[in-house]
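Paired with chain B in one complex and with chain C in the other, chain A is shared by the two complexes that follow.
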Partner chain A sequence: QEAAKYNKKVMVLDFVKPTPLGSSWGLGGTCVNVGCIPKKLMHQAALLGQALEDSRKFGWQLTEEVKHNWLTMTESVQNYIGSLNWGYRVALREKSVAYENAYGEFVGPHTVKATNKRGAEKLYTAERFLIATGERPRYLGIPGDKEYCISSDDLFSLPYCPGKTLVVGASYVALECAGFLAGLGLDVTVMVRSILLRGFDQDMANKIGDYMEGHGISFIRQFVPIKVEQIEEGTPGRLKVTAKSTNGSETIEGEYNTVLLAIGRDACTRTIGLDKVGVKINEKTGKIPVNDEEQTNVPHVYAIGDILEDKLELTPVAIQAGRLLVQRLYAGATRKCDYVNVPTTVFTPLEYGACGYSEEAAAETFGEENIEVYHSNFWPLEWTVPGRDNNKCYAKVICNLQDNERVIGFHVLGPNAGEITQGFAAAMKCGLTKEQLDTTIGIHPVCAEIFTTLTVTKRSGASILQAGC
Partner chain B sequence: MGWDEKQVRGYSEFVRTAQSYHGRPIFVLFCGDKDADGVSWCPDCVKAEPVVRKELHNMPDGSVFIYCLVGDRPYWKDPNNEFRKNLKLTGVPTLLKYGTPQKLVEEECFKADLVRMLFTED
Partner chain C sequence: MAQRLVLQRLLSLTPRTLPSQGPRVLPGRAFSTSVGCRSTFNVQDGSDFQDRVVNNPKPVVVDFHAQWCGPCKILGPRLEKMVAKQEGKVQMAKVDIDDHTDLAIEYEVSAVPTVLAMKNGDVVDKFVGIKDEDQLEAFLKKLIGA
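Our next item is the complex of A and B:
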């Protein structure tokens, strides 16, 4: 849409290869269809369930037991997604961007072949190309995986309640899905090969895991599935999972209605003819290395989004990179995408917002003696009356002692973590220091105010257990 | 097989008619009432109708085209009218594919290529 603004003739080729179970979706990419959007809506569904429980202590009289209907939720979510898909179709049309629901692959340096779902082929040529093909969930490569397991590609439009679910993986996809499924009242087990949330601050990752475990989600650690068999067909059916320990020869078996695989995502770069145009990819990961202007090794081919090597896999990053790229190419702009201090949020039952360095990365980059970690537990006021966990929510900032105690890492575990983090990310972009944080007056009574009164350092070892306001 | 057209007036008649065609693709054009001379109180509806009619042959085989008069201007302006409340319509003319989130509202209905896209989209 950005390029069309500058009167360029633009075409979009979007095609979704159906999952092994046949799931597919419309225009909009992963975020809209099988990622952020349905995830957040289902997370919200789970939070509302919790809110209904809490409401009793606030005086609401719920006369019946509150139950959840999977189909009602899924229908509403898919309806919303459908309106987004349609909105994009109208927007592209209005901006005169040509759109084809066809699988694009390079057949020459400036030529792409587009194959639609009926197999009809068309050829298109262009001056420049932008690859944003994203990723798809990885399968385990074990017997029964493609036949019987589902992935996040299937979950958000599943036409039946998944029932008792085994989630395989420890990524944010795995934990977020496990989280809302349990929040909707399902029996959920998470099978983890090694650590939780690889790449994230491990202190925070472990707190997230502990919270989930304390709220009825079972964790099977240091096991990987080796076989999935069907005991009974159905919607859902019954599956038997055999898993092997990662240290030792112990095997275990379990029975579940649904097995959700969330062990990673692979870039869709191997079957789009990149060899025909000469674009280099990382053979091992499939990711495309680009320079700081999103240009591949082939000057007229660019790439954005999850397929980029060593870049954050986040929707807003891809959108920003794409817009700035087009502005540089066609509007004489010079601004490049800033990949530093990009805030993120993990929507697990206890949400986690972060911006900047994890504790481990900060210690490695600056040296442990050169950073100061301030932290505290906090108890959201809204949790007091219903008697929900004290000393589970947590706030942490990491400061660079060699640079005016510049805040280089921001971490919050608690409700509305994303809303809290957004503002602090902007402050960090302005060079926020601990002193500025301390001289900012807090808003009371809100969770975020804790960041204006952090005094206890990890180094001191002092207690951060809370009693109340 | 072609397609069929049904003209209805008011919410109840619309719902009954749409339900009777359950199973077939249903496209609906909602317009303001027409006076004795056949002219609608809604000028945008007057403009959109010929554009939509010209594209009807693009509807899939077996489709039903429902031409629905919503009521007079005061009825339409009432924020609690059944079309606004139950179908979430925000303006007339509205052209939609019944049972899906696909719709075109007001000036979008003047654009032949958008209308065609609505009729031919999977």
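Our next item is the complex of A and C:
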């Protein structure tokens, strides 16, 4: 759409290869259809369930038992997604961007072949190309995985309640899905090969795991599935999972209605003819290395989004990179995408918002003696009356002692973590220091105000347990 | 919205529920509901739209709707009921914009429900969103009368 603004003739080729179980979706990519949007809506569904329980203490009289209907929720979520798909079609049309629901592949340096779902082929030529093909869930490569397991591609439109679920993986996808499924009342187990949330601050990752475990989600650690068999067909059916320990030869078996694989995502770069145009990819990961202007090794081919090597896999990053790229190409702009201090949020039952360095990365980059970590527990006011979870929410900032105690890492574990983090990300972009944080007056009574009154350092070892306001 | 291939194949096998010949004259009020049934039909494809809407000697209201659209589910039956009341003077074509995106784009549908009033292949009137029965009655009478 950005390029069309500058009167360029633009075409979009979008095609979804169905999952092994036949799931597919409309225009908009992963985020809209099988990612952020349905995920957050289902997370909200789970939070509302909790809110209904809390409401009793606030005087609401629920006369009936509170139950959840999976189909009602999925229908509502899919209806909303449908309206988004249509909205994108209209937007493309209004901006005069040609759109084909066809699978694009390079057949020459400036030529792409588009194959639609009926197999009809068309050829298109262009001066420049932008690859944004994203990723798809990885399968385990064990017997029964493609036949019986589902992935996040299938979960958000599953036409039946998944029932007792085994989630395989420790990614944010795995934990977020496990989180809301349990929040909806399902029996959930998470099978983890080694650590939780690789790449994230491990102190925070462990707190997230502890919270989930404390709320009824079982964790099986240091095991990987080696076989999935079907005991009984059905919607859902019954599956038997055999798993092997990662240290030793112990094997275990378990029975579940659904097995959800969330062990990682693979870039869709291997079957789009990149060899025909000469674009180099990392053979091992499938990712495309680009320079800081999102250009591949072939000058007229660019790439954005999850397929980029060593870049953050986040929707807003891809969108920003794409817009700035087009502005540089066609509007004479020079701004490049800033990949530093990009805020994110993990929507696990206890939400986690972060911006900047993890504690480990900060210690490694600046030296442990050169950073100061301020932290505190906090108890959201809304949780006091229903008597929920004191001393589980947590706030942490990491400061660079060699640079005016500049805030280089921001971490919050608590409700509305995303909303809290957004503002602090802007402050960090302006060079926020600990002193500026301390001289900012807090808003009371909200969770975020804790960041204006952090005094205890990790180094001191002092207690951060809270008693109450 | 997400689809499953099996379901799609099933839908494409669903036979047409209405005959493609022109309307027959029916005696008496006992058959008023079947007149309503035949006054309303689902458009199957582009050429079906040409035959039964564009080339229809009678005026046709075209209801562009979508499965994911809540208000469409309210307007649809309401419009069908008001069309049936017009005793065959107007017909109603239903177009699912996800199944027939080309048609929806051709007629510049942005939001749903969008209802077009068509006479002799031309769009003579249109509205977007929900209307109540009285408003629909006026809309239809204007189409028939004009």
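Everything that follows uses one rule, which is that the second predicted complex is superposed on the first by the 469 of 469 C-alpha atoms of A that agree within 3 Å, B and C clash if a C-alpha of one lies under 4 Å from a C-alpha of the other, contacts with A are read in each partner's own complex, and residues count from 1 in each chain.
Just so we're on the same page, a residue touches a chain if its C-beta (ideal position, glycine included) is under 8 Å from a C-beta of that chain, and two chains touch if they have at least 3 such contacts.
As the structure is a prediction and not an experimental result, all values here were calculated from the model.
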item	value
Clash or fit (per the criteria above) of chain B with chain C on chain A	clash
Which superposed partner A:F156 touches (first chain B, second chain C, both, neither)	second
Contacts of A:W86 with chain B and chain C, given as first, second, both or neither	both
First (chain B), second (chain C), both or neither touched by A:W25	second
First, second, both or neither for A:V34, with chain B first and chain C second	second
More chain A residues in contact - chain B or chain C	C
Partner chain in contact with A:F180 - chain B first, chain C second, else both or neither	neither
Residues of chain A that lie at the interface with chain B and also at the interface with chain C	79-80, 82-83, 85-86, 89-90, 93-94
Chain C - residues contacting chain A, complex	1-6, 66-70, 97-98, 101, 105, 110, 112
Contact footprint of chain A on chain B as seen in their complex	100-104, 108, 111, 113-114, 117, 121-122
Complex contacts: residues of chain A adjacent to chain B	79-80, 82-83, 85-86, 89-90, 93-94, 101
Touch list for chain A against partner chain C, complex	18, 21-26, 33-34, 78-83, 85-86, 89-90, 93-94, 156-157, 159
